[in-house]
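Both of the next two complexes hold chain A, though its partner changes from chain B to chain C.
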Partner chain A sequence: MPVNRSRALVLAAAGSLFLGACSGAGDTDGAAAGATATPVSGGSLTYAVDTEPVSFDIHASPQDITGAIQRNVFDSLVHQDSKGEFHPWLATKWSASKDLKTYTFHLRDDVKFTDGTAFDAEAVKINFDRIVNKSTKSQYASSLLGPYTGTTVVDARTVEVHFSAPVASFLQAASTPYLGFYSPAAIKKYGSKLSAGGAAAVGTGPFEFTSYTKGQSVTLTRNPAYKWAPSTAAHTGPAYLDKLTIRFLSQDATRVGALTSGQVQVADPIPPADVKTVKANSQLQVLTTDAPGANYALVLNTTQKPLDDIRVRRAVLRGIDIDTAVKSVYFGVYKRAWGPISPTTPYYDKALENTWTYDPTLAAKSLDEAGWTGRDSDGYRTKSGKRLSIEWPLMPQEYIREQRDTLGQAIQADLKKLGIEIKRPRLDIGTYIAKVYGGQEGIADYSWARFDPDVLRLYFNSSSDPREGGQNATFYKDADLDKWTDQAQTTLDKNTRQDLYAKTQQRAIDLALEVPLYVRTAVVGVASDVHGLKTDPNTWANFYDTWIGK
Partner chain B sequence: MSLPALLRAIVKRLVAALAVLSGAATLAFLTLQLIPGDPVAVMLGPGNAASPEIRAEITHEYGLDRSPAEQYLHYLGNLLGGNLGESYQLQRPVTDLIGDQLWPTVQLALFALLLAVTGAVALAAATAGRHPALRAAASLAELLAASTPAYWTGILLLTAFSFQLRIFPVAGAQDFASLVLPAVTLALSLAGVLAQVLREGLEAALAQPFVVTARARGLSDTAVRLRHALRHAAIPLVTLTGWLTGSLLGGAVLVETVFGRPGIGALTLQAATNKDIPLVIGLVLLSALVFVVLSTVIDLLYLVIDPRLRTR
Partner chain C sequence: MTTLTVAAPPRRRPRLRTAVRPAHVATAAVLTLIVLAAAFPGLFTSASPVDTDPVHALTAPGAAHWFGTDQLGRDIFARVLYGTRTSVWLGLGSTVLAVAAGSVLGLAAALGGRWTDQALMRLVDALLALPPILLGLLAVTILGPGTLNVMIAIAVAFSPGYARLVRAEALVVRTSGYVESATVLGLRRPLLVVRHIVPNALGPLLVLATVGFGSSLIAASGLSFLGLGPQPPSPEWGTMLSEGRNFLATAWWIGVFPGAAITFTALSVNVVGRRAQARFTRRTDG
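Showing the complex of A and B:
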């Protein structure tokens, strides 16, 4: 999601990352980490993050940080690995009907919630029904369920989930913590109080949610009965750590200082400017990984002048020196982006790389062709006496992250050289939302984290209207883009999906609907005595296999 | 003071306090109405996947589909019943939220206040009317302390005492050790202002004839300063301290953020950013209440400090 308080905080990587046994061993994979040393049980770990959840209710909250913390407390039906493959978790096997409107799951029979309630088909139904219930006010999970119509309990171990339209992305959705399962007893007892976390958050996961002190920390403790980890985990049985404390340290300097002085063992994120210092410290390791989903991009509103003209859009696309800007603002830590989705997202189209390099001459020619040939006294291009000017509003400072305002200045300067004026008025958030998502501004800028190419439908399908919770702020209606992104939801055939999603990515760039800027990159700092720290494909640190060495 | 007079005074105070509180609630409500944008859209933030149905549900549940006048009356009705309502965003009762967050801020404010007043009194008493070079040095130090942003002071203190020397923990509100650095950070800027004001008052008092009389009676210089001059200079100090304490409630936000402490400041920031109407009004009421209580305490302190005010 595009903003600070939303699903923004991407913790680590799309892939499963494992930390090596010691700093020298470096970033080895999970098996190697297990082999180089014998894990020991016990100990506690403090994990510093920069955002505090507004709500801990996995079914209601749209925040990344909520998913990241609750991943340790809630399990999913299936587990998705870094390559996008699915593995059994709470479901031992599953099947989809031919039309992808019904999914059948066969559940494990030995799973218990931490309050002793058994996990069964009824629990699945209660949870999914809760998500779509109006009173849950779900801001994200309900969009993952999409055209959900209901769940049928076939028997205690079998459920069928029904949809009114094909949903190829449902397994991915089901693998996220947002479609995780609360104990039905807890739902009954706490209802809307689930947002407060603490004892109300009863799941089946490797950790129990022990306490929450608002403004300070969350404490999770090991679930001793846990024995249903997905087979991709490095071990089975309960987690190694006795206790996991999550501290909210929003200030970069405080968070980094806490890590370097050994007061926390894992800090996330490390700002790009500090990466070098942390890397140089022999007591620390740094994990740098690309986030999945839609890259941070300039989304061009194709219904507003002058961006309704493809020649102007192409000039903007080719007229920004993205390499230089991204490298200097992010100290070489973030990579520049070449397409709408990041390289770690399934069905990423590598063919787009290096196909639309910085070319101010071409951009100028494109503007000439569009008729913007005059120049005014400030050096901006004009056409029939009107200046070539585009408005790209700024959000209030507290919503801006990753120094995107600084990057914006570089973009402004590059486009000025071409004769394009970029105006950046600072809007209050209410006006910003109304104007940008109402299609009244020239440029919007955001990213969207999800480990699924279905974000392409969210971004480019004309039915994904930003006024109704969609994210297509290009407001472009294209029959092909609509067809391809819809079709990809109706099939699980990899070749077909590859073809459809590659065409979508290429067409989006070809039509210059957006200017991809950088691949969001998660940088996590970890003390060298922390072993086996993993992240799931949704990029969140998973502490199940983590242990503390000497 | 006779008993009926005392009662009258108390009733007068209470009525004034109620007027201040209801005025504060009304003003807060009006201000929130003036903020542009759909309240639900602001609450959810940009780029939220919530569907129109869910937005409508939220709007309806919080009564935001009613007219502002209706909302205001409804809110006042609840308020009279002692119900501050439930935070839109955090979905918890406002009284619980404030109750949870109040204590860490009170601890921080009181400890900072103690440090600031002690420091200011010591510094001012030691330097008032002394050698110009000494006064200039103290004055410069105070100016620096008062004008350095708490954010910056906090980071410096953290770097020195937490990251390097590792004497104090970096953050939190779990024990006394974690209170020291934030309180010192907050106290420094307060002490700077207070010491400046106090020295000026002390110097004015020291120039008065009664000082010569006291010295002539054989009192030491220190005794004159602390027992006589300080008392004279204390009135503006108390007034200013009271006012600064009131502002500490919200002013602690920077310190709370740097040190990762829970507290009212952080809560206020969150509430205002997200246009969380019940929470904002609850916090405004709290701070109005604090000011009312403080001004009462200050008025009483005047009587303690200056006997001339007691005879009426």
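Showing the complex of A and C:
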């Protein structure tokens, strides 16, 4: 027996070596092979995700996972491709008034909700009005509509959406699932129960929402009548998959294990530490996409000592070895960031790259100039007897993702070498929000996913005060940043926007308002017999073109 | 761990009343190591427990790093050593607090009259109905994370058990002949409690506390594992275990060594506790 067993082990080891050797080649042309083979209709696919939506109501929920799941069930007026260009979807044509306060959409005339109700101008009005209705308690969609004043039904196929102020980013907003459309009949019938998902979620999308088991899974089935996919899709007509099951597996090890053992065909996300293992398996492939929006960054509070001094902020900016830290914590899977927004966000300023590399000598000089020349017994710098200490609180463990606490320890160690003490008390979430967004802490850390440079206004415009629902935790008021981010919202001219957004990104780094750390990256593990799976600009997996090979 | 192989089983069983077993030798060795590591971690390693070295991140155990390195290139051996003080201190401190709180409660119940006894013991019943780790979680939720708060939380969780024991012992001692004689001789009540009741109820309490130390250590590591204990980068076994759980498939050493440290410490203290318990029972029986 022992002999047989050891021989089996040797065979298994040899087999895995062989498979490992194959996967190197399989990796790169897996997608290409999928594109050339003929798609087959039928079959079912299981997709494992790490979060379960708190609410399935696209108009109410601010969660990414709600959008990612419901993208398969709900369509939008327009489709945005990965380059930021817009394409017809439920709307065939559109135009904006010169002052960007009115948008007119001409709708397709053959679209039906899965309950048989026709999609028309009235449906658009009912949905948009529902989003801004106080009783919907919208946490995100209403902010996408912004200064919305109302929708006018011109005729059954034409709607006008009105705003009280110019909105340049409305087409982008309209392309998200959060401004998708429920069947008016379903809104009437289910009202506030739309958050529960299931049969209440009636849309026009390629899949129907069949069932939801709390803590377990969501089941979607193909919408056989679907024939209004955006022109950028690889095919027309109904989706290929009969059934799409979404399973909630929050533990990384469980999710990765479910993928490697074949229980699920797609797993999202794959932690960077496991990417090598998944890639080494010839039955699996890994898709990585840079996420759009604001990069994960240290946001420096310019109203608190000692970060109110630009020389201290510059020392922090130049005194962290970001390359090494990001590479070691994320195994080279995530890229380090060079600016406030990610390279896949429209109007990203490439000119910032490599302009503020790690320079501990420069950082030390900057601190000397700021008067932090003394040293105490623990090796930290002092000025008139006071230690150079900055507080950067930690959220409770369950809110920390992507090992940001580990990356934090690397940053802490680098700054300690410079003589800066970083204190990281762990606060409960209520205290954390009250103190960080109340401007009482030195450093805050976050990222913000959105496929639109308007996220720069959210981060650096002084009207975006965190005490009033904004996100500018630098608390800096700068006339230029305010002017540029406001102006960019009032024009659709690409050159003007390019210029304004580039200047904004550069000024944010010049003023050392934040320390960009890494570009968030979606890492999806996919079984090799799954073809045609693409990620959309939001890095969400899109299952419309997906099919399973034999 | 090497101590286990050092202690070979003796061929001939010595004819002593209390046989010295290999397990006891191993236990003594482990405990000596733990005490030394907690007091002078610098004796065993020159590496720093907090200095990062990303170039050598995730190095497997070897000559340069006995226990390997973690994701930031920190030496796990140094971290486990330096973590001893925090972890043992957490277990010890919370046990002392629990014993103190339990003694006060137990004595108050035994000597405070019928109604106090009833009220306190029903409270203790209620607390005993909840698993200690749950009580600890509740306490740390109210107090907030941190070393001292975890200590208090664990003390809250384990004190009901001690209160029960102290009450029972105090009741026995209170009705004993010598206490009655002391009362008859006119010894005042506070003096009576301090001079007679407490010392005589203490024996079994110490035994239970030794065994309880192991449980407290594990519970404290559990709270640290959940991110509620001492905050990184300071080394602590439970926190290290939590940091290592994402790497079990790729770098087992990050989690295994602090886990082994917790296991061996709790096990050794338990062996000592059980032995003390056995001796104590024999002494009182005989």
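The rule is simple: the second predicted complex is superposed on the first by the 515 of 550 C-alpha atoms of A that agree within 3 Å, B and C clash if a C-alpha of one lies under 4 Å from a C-alpha of the other, contacts with A are read in each partner's own complex, and residues count from 1 in each chain.
Keep in mind that, in the parts below, contacts are C-beta pairs under 8 Å (C-beta built on N, C-alpha and C of every residue); 3 or more make two chains touch, one makes a residue touch a chain.
The shown structure was predicted, so the numbers you read here are calculated from the model rather than taken from an experiment.
Q: Which partner reaches more residues of chain A, chain B or chain C?
A: B
Q: Classify the contacts of A:Asp428 with the two partner chains as first (chain B alone), second (chain C alone), both, or neither.
A: Both partners, chain B and chain C.
Q: For A:Ser250, is the partner it touches chain B (first), chain C (second), both, or none of the two (neither)?
A: first
Q: What is the contact status of A:Ile310 with respect to chain B (first) and chain C (second): first, second, both, or neither?
A: The answer is neither, since A:Ile310 touches no partner chain.
Q: Is A:Ala225 touching the first partner chain B, the second partner chain C, both, or neither of them?
A: neither
Q: For A:Tyr140 in the superposed arrangement: first (chain B), second (chain C), both or neither?
A: A:Tyr140: touches chain B, not chain C.
Q: In the overlay, answer first, second, both or neither for which of chain B and chain C A:Val153 touches.
A: neither
Q: Applying the document's definition of touch, where does A:Thr277 land relative to chain B and chain C: first, second, both, or neither?
A: second
Q: Who does A:Ala165 touch here: chain B (first), chain C (second), both, or neither?
A: The answer is neither, since A:Ala165 touches no partner chain.
Q: Could you tell me if A:Ala96 is touching chain B, chain C, both of them or neither one (first, second, both, neither)?
A: So A:Ala96 meets neither chain B nor chain C here.
Q: Enumerate the residues of chain A that count as touching chain B in its complex and touching chain C in the other.
A: The answer is residues 253, 396, 428 of chain A.
Q: Where on chain A does chain C make contact in their complex?
A: The contact residues of chain A facing chain C are 252-253, 256, 271, 273-274, 276-277, 321, 324-325, 327-329, 394, 396-397, 403, 405-406, 408-410, 412-414, 424-428.
Q: List the residues on chain B that touch chain A in their complex, please.
A: 35-38, 41-42, 44-55, 57-58, 61, 89-92, 97, 100-101, 104, 155, 158-159, 162-164, 166, 169-174, 256-263, 266-267, 270, 273-275
Q: Hey, which residues of chain C end up touching chain A in the complex?
A: Listed in rising order, the residues are 50-52, 54-55, 57, 71-73, 141, 144-146, 226-228, 231-233, 242-243, 245-250.
Q: In the complex, go through chain A and note every residue touching chain B.
A: On the chain A side, the touching residues are 1-3, 5-6, 54-55, 62, 134-135, 137-140, 142-143, 192-193, 195-196, 213-217, 247-251, 253-254, 257-258, 260-264, 395-396, 398-399, 428-434, 436-437, 446, 448, 468-469, 471.
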